[in-house]
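Common to both upcoming complexes is chain A, partnered first by chain B, then by chain C.
Take a look at the complex of A and B:
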């Protein structure tokens, strides 16, 4: 497919550039790996003290962590173009205008603009923790669960992408960094690594029904682990992940298109 | 065939006034002073295919805003723009594939890549047929002297090399229209000349329509026959450069080589500004007595060997127009 080949041609330029210097590159990945690993060490530290947290064992929490972190890390790798820190300078320095002069869609150009390999550190860490979780926790695997797992992963990826896209679209209106979006993306991923019932009821409700983070990580996890929902909400919620993921992504994309139209009407 | 048609084009910007002080900031949350800036105020013009047009105006006149609307970056408040039969911002991808744009002191190539690799990426992006690509690269390299830095990363280039590379890049896909926004700004004389010659050749050989926005009036003088002059968002002048000179050129100079050194070769309608032996330089104003008349009067009284008439510098003409508001129809 033409678009895919074009994406690959553009992205390989970025990959090439990064791998030019071997040693710094490897050090970078290692550092990122260790950085995220500290996260999990803190988590494991809690469990060394308490056998379980809210009825969840270390293995189960590790799985939850993986279910949140792997899609998040994948998003960080592949959709760096929509990262606020990457996108905001583009708008400010007028490079967005240059992109508008190329016969390529803006999303294509942004997505192909960067692929930070050092974030493989975060991804590999998440995979290891997930593997640890799988090792420690007996799951009653079924065909349904095996099929649903990758769908959940993609839905979470779509959800995290939606947060980033929304945050970047805000650039069209304000030069201020809206920290609230970092709260949702990084904060969201961190929050999702813990079982929801440890959080306040309003926080839970917000992140289930308004910004449906829980629908793409926590509720599917309940299904995988055959755990009942401590709040008695219907089992159905576990299967709403694709709807939540695609829904938020669609909303974010609509907002993005609106933002681009606004930008083209007002200039910089 | 008309390449670009602009009808009653308007672009207004809402500028929000800042209120000073802490109280002012709070008040700004409730209501804000809005000022309406008319960057482009009812432009009408059309450009035929193959023309090389200069687009002049003082800073803040609305030139860049116009170019942004012609290239499709900006959407106008009202009015119509048609470029090659398309509305730029509505059919962005199709429109942009057939135009090229170079902005002075700005770069469109990939910083870390050698120039030739940037070209190669553009080949993919614009779907340029391999034969066409090779031929264009060959010709542009030769005409612009790119050979010595074709394999140098773009970030290491000097400004002149950067602009030449950007110019070549903008034409690789054989666009029908080329937009140049201050392409020679900051360049030395040699680089400017090279770029001018290149643009002229491209325009002549390929019939590429060129819209040249510039402050450098020697660019205009050397390249353009037709100029559009804009100020405060309005079109002040649309016509031949020579006409502009004739109407507003201020004074012209007449240099006469007399057969002998006359003491006071005065003449009505012109004043002497310099003498160098038998060579006398006169100045005379437009619209009063014509050059022919003065020459006639001189030759009636004295013996002339040779003469030449010098047009005023374009800079001087344009400066007069801006400063003395000679074309200002707003009053």
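Take a look at the complex of A and C:
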């Protein structure tokens, strides 16, 4: 309870600071909203000509987009401290040394370090597109689906968080942020917002069995939409989301603890 | 051209060599960021491939859509990825930053014209990006996909002109956006929005021709399509004969119009600019 109250105090300081400059803040949040929303708008704009992408309707793709984007935006908003763009400078400039000396756990300091409200822009466009998807493609709801939907969201959140934590841990050794992790996170989110079966077989296999991105978005979406797997893999894959999400998060956290133990300051 | 003073051929030559030297410095600077360029190249390759898969899936069994074959569409995804860093489609913060920090005072007192100073620097940057990220990407695309190449000698001749006009229009737009900093001091917020506009209407996300016909014909006429969409269509050869000439004309018109506008706004801005001390 104490931890939660402390978290809230720290975060509300960040929120208060951001509201001081009203106009720049509004411009920023609008730009963030549009920056992601245009991806979907461009697809919707050409849909009258094409009518489907890999056999999926616009509504179905919108739902998939929401399933990938909402957890991703939540991760960006709440776990910004583990964002390697934010984290790498802490290592490079030596601020991490100070943080390690404070009488507060490092994860707590990191999650409370930053709460960039402008990223609400990305979250709101994701929710909007998901709502549009629900409107265009009514899901045949069942108790199982209603129960599973939040689990899928949390699993995807855990998965995206795991990528960031892994990327940040790598900074302990590389000091600089590694571009390849942006490819996994931003590229991953972009890839997941389309049905996985349109990609090359190796790309698909890699992002299903090595980095289990498809297990937290695409396969659960097949279940929600009552679609069979186009490659005839067992239906069980649709229900592995929590395992994939928590599994990758646990592995990332273990790597993180290993990294913290072996952290050597840059000396700045 | 540069107002008034420099009229003799010798003076013009001196000015031109100054700007060439400026462009050269910035071009060489690009070469030093090897790791960043390589990482950028991999990112371009990944997003280009992603776009190509989406376009292939959209085409499905269709052979031809709005004058594009599947192969054209795949080529398009590569060409736009190759051009995007050259025309800085995600934005450009150098000038905005120099206004915020007050460096603009030094820049304005240099014995070179402020517009052409930034233009020279940006062409150095743009040509560097084209050489380091654009050409290797097209080469990799040639290996990975069967992409098309410009169909006629006319297209080959038009391509460099179209690319230069595209870079110039893109620069003039970014210069205009950055100039708002003369009034607001920090143009970061306005920049984010304005660059977003260019990003969306540039055709990076989808070939503009795939939008409904009425929208496509309007979108072709904006300065944003002049930046990289029209050069891409020149490369693909989807514009032919009078269409090819029209594409170049649209680019040239925007180049002149934005240049004239930039001159007017710059003159007003310099009168208005209040510098911070320090």
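Just so we're on the same page, the second predicted complex is superposed on the first by the 261 of 268 C-alpha atoms of A that agree within 3 Å, B and C clash if a C-alpha of one lies under 4 Å from a C-alpha of the other, contacts with A are read in each partner's own complex, and residues count from 1 in each chain.
To be clear about the criterion, a residue touches a chain if its C-beta (ideal position, glycine included) is under 8 Å from a C-beta of that chain, and two chains touch if they have at least 3 such contacts.
Because the structure is predicted, anything quoted here is derived from the model rather than measured.
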Hey, is it chain B or chain C that touches more of chain A? C
Just chain B (first), just chain C (second), both, or neither: which does A:89 touch? neither
State whether A:35 touches chain B only (first), chain C only (second), both chains, or neither. second
Report for A:228: first if it touches chain B alone, second if chain C alone, otherwise both or neither. neither
Now for A:17: first (chain B), second (chain C), both, or neither, which partner does it touch? first
Both chain B and chain C touch chain A; at which residues? none
Write out the stretch or stretches of chain C touching chain A in their complex. 36, 39-40, 42-43, 46-47, 49-50, 53-54, 56-60, 62, 65-66, 186, 188-190, 192-193, 196, 199-200, 205-206, 210-212, 215
Contacts from chain A onto chain C in the complex sit at residues 23-24, 27-28, 30-31, 34-35, 38-39, 41-43, 45-46, 48-50, 52-54, 179-180, 182-183, 187, 190-191, 194-195, 198-200, 203
Across the complex, what residues on chain B touch chain A? 13-14, 65, 68, 71-75, 89, 92-94, 96-97, 99, 101, 106, 108, 110, 112-113, 117, 121, 124-126
Per the contact definition, I'd like the list of chain A residues that touch chain B in the complex. 6, 9-10, 13, 17, 94, 97-98, 100-105, 261, 264-267
